[in-house]
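Chains: A, B, C and D, in written order; residue numbering restarts at 1 for each.
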Amino acid sequence: MRISPFTTELQVRDYECDLQGIVNNAVYQHYLEHARHEYLNSRGLDFSELTALGVIIVVIRAELDYKQALRPGDRFSVSVSVKKLGRLKVVFEQEIRRLTDDELMLEAKITAASLKNGERPYFPEELGKLL
Amino acid sequence: MRISPFTTELQVRDYECDLQGIVNNAVYQHYLEHARHEYLNSRGLDFSELTALGVIIVVIRAELDYKQALRPGDRFSVSVSVKKLGRLKVVFEQEIRRLTDDELMLEAKITAASLKNGERPYFPEELGKLL
Amino acid sequence: MRISPFTTELQVRDYECDLQGIVNNAVYQHYLEHARHEYLNSRGLDFSELTALGVIIVVIRAELDYKQALRPGDRFSVSVSVKKLGRLKVVFEQEIRRLTDDELMLEAKITAASLKNGERPYFPEELGKLL
Amino acid sequence: MRISPFTTELQVRDYECDLQGIVNNAVYQHYLEHARHEYLNSRGLDFSELTALGVIIVVIRAELDYKQALRPGDRFSVSVSVKKLGRLKVVFEQEIRRLTDDELMLEAKITAASLKNGERPYFPEELGKLL
């Protein structure tokens, strides 16, 4: 059971929609990433500072299930809940829900790992704060 | 066995890189989408014309395995090979490979479906040309 | 004298930053566009609905003065104030200011015109609401 | 008189189009930036390497005249011609032309300056190669 995961709220911006008039597929990854970084912030971590310190956190796998399309102006929440996978990886389970009716728009599972100076995989102690 | 899938070649543009100095995760979905649309073109189909005709092709699931990061200036190929899944879906298997050494950078499986006027799922006869 | 122009508040998202670690130049146009569309909303107009009705509002000139760079996490305001230019054009004067210290980050003058069904220039009566 | 400026050729990708079905305004700045960076390459300079060396080249003013809209699939050229402005600035004059009919789509004047370690304005000797 997931107990109150971290959640942030956003709104679709018109430029995020493509010629189908709905949010472009790639943009959802931006939403998900932004929510993860907000989650880091909520735990006292800052993605750009970590990067500057040589802690390079990379996505190694993304699974995205698109349920319904977000449209211009839609307000939505993006949730983040984290668990460790093995010794070196973390998995972020995320959902995007439309605010007006709580409909599930997208479900995602993002697996991330860290590279010391962009090379050797390791588990940075900073990431302990996420768990 | 996959026999010579469709392939298109691109090059990383600096603005596609984020503060880690590597191509942002979401951008790979743009590369993949662009290659799929080029593939449609190669079969005499045009995504924006299909959209104008009310044939709305949407991604319903994306699985992306990030193997290595593309960097500023890297040249790479994006492949597309298609198969039908059930009666209504198509799956695009795609690979992104760096041109200098043929290294696999990303592997993806994109499942798409079509909606008649954005609502009822169906299999547009136009898509028969892809298979 | 400009009397309390419309203002919206946003925050830099990490993916909007490029390999220099600062917000990419093009992204400011997204911020400006989003603020203009929010401004339309505040006047009872909706950009995507106008588009669907065949009212195509296009930017014909953009002047942007970049004063200082926005950085990851920065909160900022985007203002919009409008005036008519000649019989057919509107000019949006916009400023982006960092919230922590009210510093001016960017100043812009965006000139827009409307096309009836994407062709003939005209002044849609809807836009009267902006002035 | 401008003698054969640097030129690069690109093609509109569908994801670069917004809900109006034409290339989004901000995207043109990406095209222009990419052409400038290609121009740097043609002179033996690399934008991301310069950045890594602490040579931070920033746009301080952009003037863009949108003449006609690029549409899905359009092939176009982006030209770059450079001149020095005062002691510390360079101006890039750029044009975007549709390849099928050589029509002018956008005309731009981009003024850039350099910051030593992101702070003090100076003229990096590397940029002498551009002129």
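For the reader, a short list of remarks on this structure follows.
Here, contacts are C-beta pairs under 8 Å (C-beta built on N, C-alpha and C of every residue); 3 or more make two chains touch, one makes a residue touch a chain.
The structure presented is a predicted model; accordingly, all values stated were derived computationally and were not measured.
Counted by C-beta pairs in contact, the busier of A-B and A-C is A-B.
Centroid distances from subunit D, each centroid being the mean of CA atoms, peak for A.
Looking at which positions face the partner, subunit C and subunit D present mostly the same ones, since more than half of the interface numbers are shared. Between subunit B and subunit C the centroid-to-centroid distance comes to 32 Å (mean Cα coordinates, whole Å). Centre-to-centre separation between subunit A and subunit B, using Cα means, comes to 22 Å. Spacing of subunit A relative to subunit C, judged by their CA centroids, is 28 angstrom. Counting only residues that touch two or more partner chains, subunit B has 14-15, 17, 19, 21, 24, 26, 30, 33, 48, 72. By the touch criterion stated above, subunit B contacts subunit A in their complex at residues 19-20, 24-27, 29-30, 33, 48, 51, 56, 58-66, 69. Interface residues of subunit B facing subunit D in the complex, by the touch rule stated above, are 13-15, 17, 21, 30, 33-34, 37, 41, 46-48, 52, 71-73.
Residues of subunit B touching subunit C in their complex: 14-15, 17-19, 21, 24, 26, 72.
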